[in-house]
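Each of the two complexes below includes subunit A, the first together with subunit B, the second together with subunit C.
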Partner chain A sequence: MRLRVVSPFAVLAWLFFPAIFTVVGLYVLSGPGTATPQLAYAILGGGLLGYWDIAYLDGGMSIQNERWSGTLEQIFAVPTPLWVIILGKVCGSLLWGLLSFLPTIAIAYLGFHALLPHVDAARFTISFAILSLSFLAVAVMLTPLFTLWRWALPMLNGFEMGFYILCGFMFPVTLLPTWAQGAGALLAPTWAIRAIYASTTNQGPHDFGIWWGATVGLTVIYVIGALFLYRLIERRARISGGLALA
Partner chain B sequence: MSRPFAPAIEVTGLRKTYSNVRGTFRRTKVQHIGLSGIDLAIKPGELFGLLGPNGAGKTTTVKILTTLLLPDSGKAHVLGLDVVSQTSAVRRRIGFVFGGERGLYWRLSGINNLRYFADLYRIPPSVSRPRIAQLIERLGLAGREHDKVEVYSRGMKQRLHLARGLLNDPEVLFLDEPTIGLDPVGARELRLLVRELADAGKTIFLTTHYMFEADAICDRIAVIKNGGIVAEGTPTSIKRSVENKGVIEVEVEAIGPERLAQLRRLPEVTSVSVTERELAQVITLRCGSPSELMPQLGAILEGIQLQKVSSREPTLEDAYIQLIAESP
Partner chain C sequence: MVAIFARSTYLQYVALFQWATIRGYVGYKVLLPVTQILFFVQLGVFGSGRSKALYFALGNALQVTAQAGIYGVIATVANERQHGTLPMLLASPANRLVTFLSRAAVNVIDGIVTVVVGLSITVVVFGLDLRHANLLLLAFCVVLISMTTAGLGLLFGALGLITRDAITIANVVYYLLLILCGINFPITRLPGVVQAISYGLPLTRGVEAAREVAAGASLRQISGLLAGELLVGIAYALCGYGVFRLLEAYSRRGGLQEAF
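Here is the complex of A and B:
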């Protein structure tokens, strides 16, 4: 957490980027006669983007930062397994990422008087917790790739925008072409985000069981994939000596 | 035959090759040898030095022993534990320090770096808190422990590295060129500290480029070149083992390449090196018998203004240079 607090990138990700997205979203979606369901994408979308950015990029880049600062070898050779260290780092990033909702909700409420009057608090909380779990799984699965695969950083930057679109952070995924919806369906956050937005409106469909189940199922697959990746990467790193900055 | 001691570190036939890719379009895989089958046995409480030129295999050896690298073949045991299959148990009982300024969280304070690593070593706070305070005091970081590492001098960073390496009170400590880049006073303080740790019973595996450092503090040393051990013994025995019985140092204003070539051709001379010292050049000749060489030396240097001529016993550096020059 201390490393997050002192990172300028983390401040940008929780404060400035979400605020910009929220302002733009609210201008677009809060016109006269706009219904509440659409407004939810502007009120929560910026915060979700910031939350995702910090989990995905900051959590992922922490390994690259370790490599740059020469600490990757140090943390690799301690008794605590690497995946536990990464898990701790990503948990710290997620906690930090929650801050993204402060500026976005403040802007929505104070600047645009935008509210979500039909929020189902219980379903919203469950959906948000499941979303956090899926973010955690994605970040934990992706970060070990940084220990060996140096293409991971540019790939990660490229996929960041793809995730925004495919998961429906700021608009309903049903607006996407069928093939893109298919690709989005393979991403665990897509289902949790759908559940979050559904919990803010009394208009259906309300298939929470399916959405939560899909998120948890995909998250479990990611975790199994992560366990395999950590074993593979730990062995490969010890063979190639690729932990130090070349 | 049974051994008189159970080694703290035991290495048998250790081999390691690295692969890298050459070329952009026509890519070819190239292999180079890191270690070519080394054997070592280090006693508990011994301060062992591994010397060698860059790329000789020192860091590869340390990285295998600290579980960061896997060997291709051979065996390596630390405190009786296999570094390949018992990594977690090995990691709990060893400490390591790599030279240089990197390897610390520069944006965190020194004390927070130590607290974080204490957590990673799973040291309970009731143990880690007093130990961190003790290490900060002992390593001369008291009063600066709450400053960010980015404002530390190189010497302070290296002392913080050592504090990190000692956090888990390791039985075996690996130090990979720990005094590299330090000023003479800082390097001397660190050497004294390392000697103190060895005297307190810790087994220390040190790699260094500095011969005087190994000569001053190591109980035993090995010289490594091209991945193979070329000599092993106490600093005194290594010095005795080489052919040089003496060294002549001649300080001159300047010497030309022709005369240097003449000196190198003398049959009694095993090696000649030239170093700059202020406005003079110092020619160092390693030879069998300095007294027999003096007349020939006088003839070759005739006409050159000699500032100083002296003869001395060979140092470990002289022995090292001969060993490195002579081994394949």
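Here is the complex of A and C:
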């Protein structure tokens, strides 16, 4: 957390990017006669994007920074398990990511006089907590990839907006082609985000139990996958000896 | 002079253009622009309906030229610093104008390739109709916008001489263009002062011209917009060169070239 306070990229991620996406979202989704639920996608969408970006990339970036600073090999050599170190980094990222909702709500209110529609507080809170859990699992699973493969950063960074599409951060996934909806259904955040938006409107399906269950189920699968991945990476890193390569 | 320019352009590509590996290139130059276009087109379809898909596709496809023009150009100066070669570059007797422009040349070509790939995929995915468009004229708009955004990149790239956070600046400039240049909504919806800023930026007139071309406009109908776009680009490139020379002297005095 302390490192992030002085990092310009961390500030961009929680303040600047969410603000930009919120402004674009509000202009695009707030034309004359726009339905209130669409506004929720603009206001919450920008914050969710920022939250996801930080969870998804910041942990990986911190590993890349360890590599560039020449400390990555030491991290592997210390007695503390790698997953504990990464979990700490990711938890810090998630806490930092929560700030993303401040600029989006402020811009929506002060710049566009737009407020969040009525929110079912209990369902929203549960959905958000489950979403955070899924972000944590995704980040913990993806971050070790950065330790092993230097190309993981450009590939995952490059597909950042692909996740925005597949998870339905700023529009419903039901608008996507069937094959894309299928791909999105494999991502835990997709279901939690659906639940979050459903908690801001009385319209449409409200299958919260199914959505929460799908998110938690996929999250558990990610965690199991991560266990195997960590073992593989600890072994491969020692064999390849490429940790110090910048 | 031409030989120096060509050699400098080539070396700048192989040495500093960090997307030179296939995976890096695919990540940053294929996945990122294509998904950006698809995301905003889908957002636009959600907000305004499928009939407006072409509006969003063209705007965002042309905006991704700025990815090469701004990130690429700014990153080359920033990378010289990171690799520790900036003091040597500034100590060399090489012609600054040639050195500086050669840094933009690859990015202009790269920006054009990015738009062609991104727009082609979007046209297929959303079934966009470009039958009324003069494709040659549209291609000219793409080339022009790639050059004008590189002009803006040159201006901000010069800041890399005195700051370690040039890439942060690149991010800010690139994403602000999404709001200021009429990429996803008409700039007439922006407050008056902001509209004035919009017309002082590259992309704004170029995107407007490209949209008119897609709707069937002729060269004569959009010549004013293209001339304005060109003038804005030249102004930024000249300004960038001036700022580069100014900051070069400033960074030498303060020993800022080696700050890392």
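The definition used in the following text is that the second predicted complex is superposed on the first by the 244 of 246 C-alpha atoms of A that agree within 3 Å, B and C clash if a C-alpha of one lies under 4 Å from a C-alpha of the other, contacts with A are read in each partner's own complex, and residues count from 1 in each chain.
The working rule: a residue touches a chain if its C-beta (ideal position, glycine included) is under 8 Å from a C-beta of that chain, and two chains touch if they have at least 3 such contacts.
For clarity, every value in this text was computed on a predicted model and none was experimentally measured.
Participant: State whether subunit B and subunit C clash or fit side by side on subunit A once the two structures are superposed.
Facilitator: Verdict on subunit A: subunit B and subunit C fit.
Participant: Touching A:Leu99, do we find subunit B (first), subunit C (second), both, or neither?
Facilitator: Once the two structures are laid over each other on A, A:Leu99 reaches no partner at all.
Participant: Does subunit A have more residues touched by subunit B or by subunit C?
Facilitator: The larger set of subunit A residues in touch belongs to C.
Participant: Rounded to a multiple of 10, tell me what angle the C-alpha centres of subunit B and subunit C make at the one for subunit A, in degrees.
Facilitator: Once the two structures are overlaid, it is 80 degrees.
Participant: Just to be sure I read the superposition right, which of the two partners does A:Ile130 touch: subunit B = first, subunit C = second, or both, or neither?
Facilitator: Neither partner.
Participant: Mind working out whether A:Val24 is in touch with subunit B, subunit C, both or neither, as first, second, both or neither?
Facilitator: second
Participant: Is A:Gly70 contacted by the first partner subunit B, the second partner subunit C, both or neither?
Facilitator: A:Gly70 sits against subunit B, while subunit C stays out of touch.
Participant: Is A:Ile43 touching the first partner subunit B, the second partner subunit C, both, or neither of them?
Facilitator: Touch partners of A:Ile43: none, neither subunit B nor subunit C.
Participant: After lining up the shared chain so the two structures overlap, which partner does A:Ala198 touch, if you call subunit B first and subunit C second: first, second, both or neither?
Facilitator: A:Ala198 sits against neither subunit B nor subunit C.
Participant: Who does A:Phe159 touch here: subunit B (first), subunit C (second), both, or neither?
Facilitator: A:Phe159: touches subunit C, not subunit B.
Participant: Minimum C-alpha distance between subunit B and subunit C after superposition, to be given in whole Å.
Facilitator: 9
Participant: What residues of subunit A sit close enough to touch subunit B in their complex?
Facilitator: Counting only subunit A, the residues touching subunit B are 2-3, 6-7, 69-71, 73-80, 85, 235, 238-241, 243, 245.
Participant: Which residues of subunit C touch subunit A in the complex?
Facilitator: These residues of subunit C touch subunit A: 19, 21, 23-24, 26-28, 30-32, 35-36, 38-40, 42-48, 165, 168, 171-172, 175-176, 178-179, 184-185, 189.
Participant: Any idea which subunit B residues touch subunit A in the complex?
Facilitator: Touch list, subunit B to subunit A: 18-19, 60, 63, 66-70, 88, 91-92, 96, 98, 100, 102-108, 112, 117, 119-122, 164.
Participant: Within their complex, state which residues of subunit A touch subunit C.
Facilitator: That would be residues 8-9, 12, 16-17, 20, 23-25, 27-29, 31, 34, 38, 41, 151, 153-162, 164-165, 170-172, 175-176 of subunit A.
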